[in-house]
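Chain lettering (A, B, C, D and E) follows the sequence in which the chains are written, and residue indices restart at 1 in each chain.
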Amino acid sequence: MTGPETVRRKDVRATRTGRTALRVLTVAGVPALLVISWQLYSTVSENFYVPAPGRVARAFAETWFSERLLDDVLPSLARLLAGYALAAAAGVGLGVAIGLSPRLRAAAEPVLEFFRAIPPPVLVPLIMLLAGIGDGTKVLVIASGCVWPILLNTVEGVRALDEVLSDTCRMYGVRDLSRLRHLVLPGAGPQIMAGLRQALSIGIILMVISEMFASSSGLGFTIVLFQRGFQIPEMWSGILLLGLLGYVLALLLRRLERRVLSWHHGRGVGRA
Amino acid sequence: MRRGTGFRVAYGAAGLGGLLVALEAVSRLGPVDERFLPPASEILRALAAELATADLWTALGETMWGWALGLAIAFCAAVATGMVIGSVPGLRAATHSTVEFLRPIPSVALIPLATLLFGASLGSTLLLVVYASFWQVLIQVLYGVADVDAVAHDTARSYGLSAWSRIRHLVWPTALPYVMTGLRLAAAVAFILAITAELVVGSPGLGLSIQAAQSAGAVTTMYALVVLAGLVGVAVNAGVRALERRVLAWHPSVRGEAPR
Amino acid sequence: ACGSQEEPAAGGKDKVNAGVIAIVDTAPIHLGKAKGFFDKQNIDLTITPVQGGAASISGAVGGQFQFAFANTTSLLTATEQGLDVKVVTNGVASTGVPGKDFSAVLVKPDSPVKTAKDLAGKKISVNQLKNIGDTTIRAAVRDAGGDPDSIEFVELAFPDAPAALENGRVDAIWVVEPFVSQALSRGARPVTWNFAEPVEDLTVAMYFTTGKTDPDLVKRFTAAMNESLTYAQEHPEEAREALKTYTKIAPEVIAKIYLPKWGTEINRESVQEIADLAQGDGVLKGQVDVDTLIP
Amino acid sequence: MLEVSGLRKVYEGRRVEALREVTFQVDAGELVCVIGPSGCGKTTLLRCVAGLMPPTAGSVKVAGAAVTGPPPRMAVVFQEYGRSLFPWMTVRQNVELPLKEKKVPAVRRNELVAGSLAAVGLADVADAHPWQLSGGMQQRVAIARAVAYEPQVLLMDEPFAAVDAQTRADLEDLILVLWRDMGVTTLFVTHDIDEAVYLGQRVIVLSGSPTVVMEDLKIDLPPERDQLTTRSLSRFADLRGHLYAQIQRARGDR
Amino acid sequence: MLEVSGLRKVYEGRRVEALREVTFQVDAGELVCVIGPSGCGKTTLLRCVAGLMPPTAGSVKVAGAAVTGPPPRMAVVFQEYGRSLFPWMTVRQNVELPLKEKKVPAVRRNELVAGSLAAVGLADVADAHPWQLSGGMQQRVAIARAVAYEPQVLLMDEPFAAVDAQTRADLEDLILVLWRDMGVTTLFVTHDIDEAVYLGQRVIVLSGSPTVVMEDLKIDLPPERDQLTTRSLSRFADLRGHLYAQIQRARGDR
């Protein structure tokens, strides 16, 4: 009796380690391949602008494991989060309003498209006129770019709400705030999350752009400074840090999404 | 639908009109100095003057060409990649970390690379435009592919629809609303990067004209060009919207448009 | 204005692509091209506008430009980083006359800042940090007896600076023409002429090439460029006219601005002085051999 | 309580005339069944009565007031029961939501939710999500939600289509009890003729398109109904046979 | 043709044991009905047979081969008919798609599509989109799609739940014709006992949870069936009564 039992338990353990190995492989496989080909490239070709991975790694350690982390990375991160939060609030709020009202949508759409088409770098001077050259401008620049994917996705998500569900709400007198809370936000949830994810990477891009103007600190500013100073490995290490930052933030967002949209994933949606 | 178009145009024009009035008011009465933000009427006058020059049209043409080409490349590549990643089980997990890592790397950080590879030419613009707009579409496609209805999916499987048919008849239409949003996002981002590339790298086009006006202190001309960029954006959006109404006629978001 | 690709040169001429910032300083090359000085040297010149010194250096090192224009500090930095850049001739120099130069630090008319010394502890805008602007300003403040380390520099593009000054966002701005004239005409007050005062006869920017370029071509380009510089220096009105062709500066402003000095001679000492100052400020990490840069 | 007069509904787009001219009324506390061939416009009629869709012509009055939007204290069980449940809420939350909206105090709310879920036989799945339930269970959640709401007017669109015969009989009796005890005015769409006769005080037969009221039949069975005795009455068989013939005529008409 | 042995299905998450141990088989060309109380696992069973869901234990074989994914030449009509139609396609395109997949030549395809749409009474709405149709019409589109596909094995999950009595009778006869003429092996889930007896050669009764096969009843009625005569046979009433009692027992069990 004990024989088969132990065997089975060993089996379970074997499959568990197997599964962990598989997970590690799926997460790290492609990046590892990329690094290897990068190394290969830099060994066969001498290129001032593409230093070898080892050189960049060294620059990374030297550059970022220092007081720069406090002086440059943290302020950048704070501005990014502030801008992102602002954009999320404005994007979802405005998006719900616009998505629910065809009139408002018709009136607001060209105006929004107008602003959306204006590249943030040319908008910077204007924002600077209004918000000064402090952190306010940077936060606004970040928000002004992040808001679009959130806004558009929210509008689309709200417009695509299931008609039968909307009717159900109307019938049971579920109106206004509780309609928002119980129907509109969860119903548009998957689309809103898509927008939030898009916005995150745009936010990082704009964090860099905003620090290119009227700045004297920040991750983006430092990268640009390295670029201008032709400190190429340091510059790449900064770009790498941006990628890492984006990755970590995206992971956090995904955890949030898992929680918020558990009903969506559990339903079998997305198993394709 | 016919009534719908008139309705949209009327309200849209009202919205833009309101914006102009607000802009005029801000600089004439408001907190901002007229010299740094000229009133809307003067910007429009300068725009009219600019529009009469051939240079502007050449610049605009160059920008639009870089934009269209870059957007087309990014869109096709992203849709194809997204469909493959989204439909092959396991691939999504395997690429997730890489996608999330590469995506937030700002295109602007690629400028040295772009200059190195292509110099101040169309190639640089394309590199930046394609890189930035690719992710926009890809993420939307991935979300769209994940949204396939379970019952519809089972239906397709039980009728033995091949992988390709499933993509064509089930996955693609489901993802289409997301893709259209992605296209609209990407169209704008591509346009922004086309101009930014010209601004920063100095490839020829509207962005370079803006940069020239800016560095010469010609504020009114600069804002006129910025307004032009905005108007191009409005036009591009109207085009994508029209396309969307055609291809998404069945979708609740579009069919709910007609007053029921 | 595209066409940066190398194609068979018309009439056996060498195709040259030059990366040049579209500002007042580079009027000579535009004027020289119009005058045919380059054709005379069998050079078919294309001028590609670039956005800044880093872009022109990258472009040259990347092989896109055979020649380009960049300021002294940028070139020194590139040399320090081991980039193969070689100066061919002077680009632009200070007139050396305070009050009549193309670069100045300005304050509001009612500002308590009267002299360079008062700039200590103030917030000053420069177009790029760790470049020639902050280096010269620090030197000016130091020379006047102030503490340069107490200055807070912020990056602000030249066009945005006058507005920031008027709104009180910064205490002082560093700008170059045409923004100097513009700000002066609106009542701003100059505190120091940072290219003219701290360093004598300052060579602000230079034309350069890379080691890859054919020496004969370098010789001919240098000749044409020197002719252009001299001509521009001797014919300021024509230089002003040239500005109308490649910038969008309003004609009434062009008439008023201070032009820089366009000599052919590089003042090595000033370059060395800038290198030393930059090293002292930590902009450059180590000693740079000016002779590598300027053969 | 419910007055429908000259109701006409044309769907734009495909220009389908779903209803041509429908007139009838339902008194307070009456239970009226509607039958008609598939696609004749029963759902359309219900949606117009519920104020979810403006009619092309004609009018609907509930409690004397013209209907322009959903009237208060009215509950609807939709034919698309699956889509009418919120996938992000549990069964309990789905049933509770309208009560919260009505500001029913928590204690009473819990009572109502528990009671109605028990009545439809779903007390043990209160914490599941709708998509974790079978089709019939989902439909019963929608019914429980309507029942818990304690409406004045109850509209039901083929509410028992997805449940087995026995459950169906139980639910029929549930509706009868509800109607009798609380005097809920009920409009009940079904495609089961037996069910219509068993439940209704009157049965309205809709014709095939162009849709009009073909017959408004009084069900003269004793008011106390019972699955066994009522269904075995000979009058029941007569009425059933009559309606069957009517439906056949209605389909033939098109 | 169809062998289900020891089938067990536990839904993770809520850990619901939908099927405990189900074993039965269906011969080629047989028509077997499945009945059982609401939520007992009929849909689950069908989805396992269709290869849409892996069973927790046990196995399913179709034509001798173990099922791991959807087997070829099998058609399924889903209980959630509304969600199984593609909203972006017209009715005709919905029916045509599987045929295109099967590479049926265009001429034959048109014939099949037109024929099956006519058989379910929807010839005139071929160009409408599913969301422009009534519930019953949508369900019929799903049936037409399955019929046009000319499957070897046909699985239907309460396919007539949303249509009126007369249409239902017509569709029942359509299935009988299809089964008789083409020898389609059919597994038919219903909650209507009369329907099960009328259609089936055998009726499988599932118990309430924990779900097992409670009875596998041979329907010993004459093979030629007819709505009027068959339903009035006394044997029909017997079988019906027996199954009714069984279902009641099945529900009582839980």
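Quick notes on this one:
Basically, a residue touches a chain if its C-beta (ideal position, glycine included) is under 8 Å from a C-beta of that chain, and two chains touch if they have at least 3 such contacts.
These numbers come from a predicted model, not from an experiment.
Each step here moves to a touching chain, and the least such steps from subunit B to subunit C number 1.
Listed by label, the chains touching subunit A and subunit C alike are B. Averaging Cα coordinates per chain places subunit D and subunit E 27 Å apart.
For the pair subunit C and subunit E, the distance between mean C-alpha positions equals 83 Å.
Averaged C-alpha coordinates put the centre of subunit A at 18 Å from the centre of subunit B. Separating the CA-averaged centres of subunit A and subunit E is a span of 47 Å. Residue positions of subunit C touching 2 or more other chains: 58, 61-62, 157, 159, 163, 167. The multi-chain contact residues of subunit D, meaning those touching 2 or more other chains, are 13, 80, 83, 132. Residue positions of subunit B touching 2 or more other chains, listed in rising order: 33, 36, 111-112, 116, 149-150, 199-200, 214, 251. The residues of subunit B lying in touch with subunit A in their complex are 7-8, 10-16, 18-19, 31-33, 36-37, 86-87, 90, 93-98, 100-109, 111-113, 116, 132, 135-136, 139-140, 143, 145-150, 153, 171, 177-178, 181, 184-185, 188-189, 191-193, 195-196, 199-200, 207, 210, 214, 222, 226, 229-234, 236-238, 241, 251-253, 256-257.
Residues 149-152, 154-155, 157-162, 165, 169-170, 173, 176, 250-251, 255 of subunit B are the ones that touch subunit E when the two sit in their complex. Taken in their complex, subunit A has these residues touching subunit C: 48-49, 124-125, 128-129, 132-133, 212-216, 221, 225, 227-232.
Residues of subunit D that touch subunit E in their complex: 11, 13-14, 16, 35-39, 41-44, 79-80, 82-83, 121, 128, 132-137, 140, 158, 161-168, 191-193, 244, 247-248, 251. Interface of subunit A with subunit B (complex): residues 25-31, 34, 49, 102-103, 106-111, 113-123, 125-126, 129-130, 148-149, 152-153, 156, 159-163, 190-191, 193-194, 197-198, 200-202, 204-205, 208-209, 212, 220, 223, 227, 232, 235, 238-239, 242-247, 249-251, 267-272.
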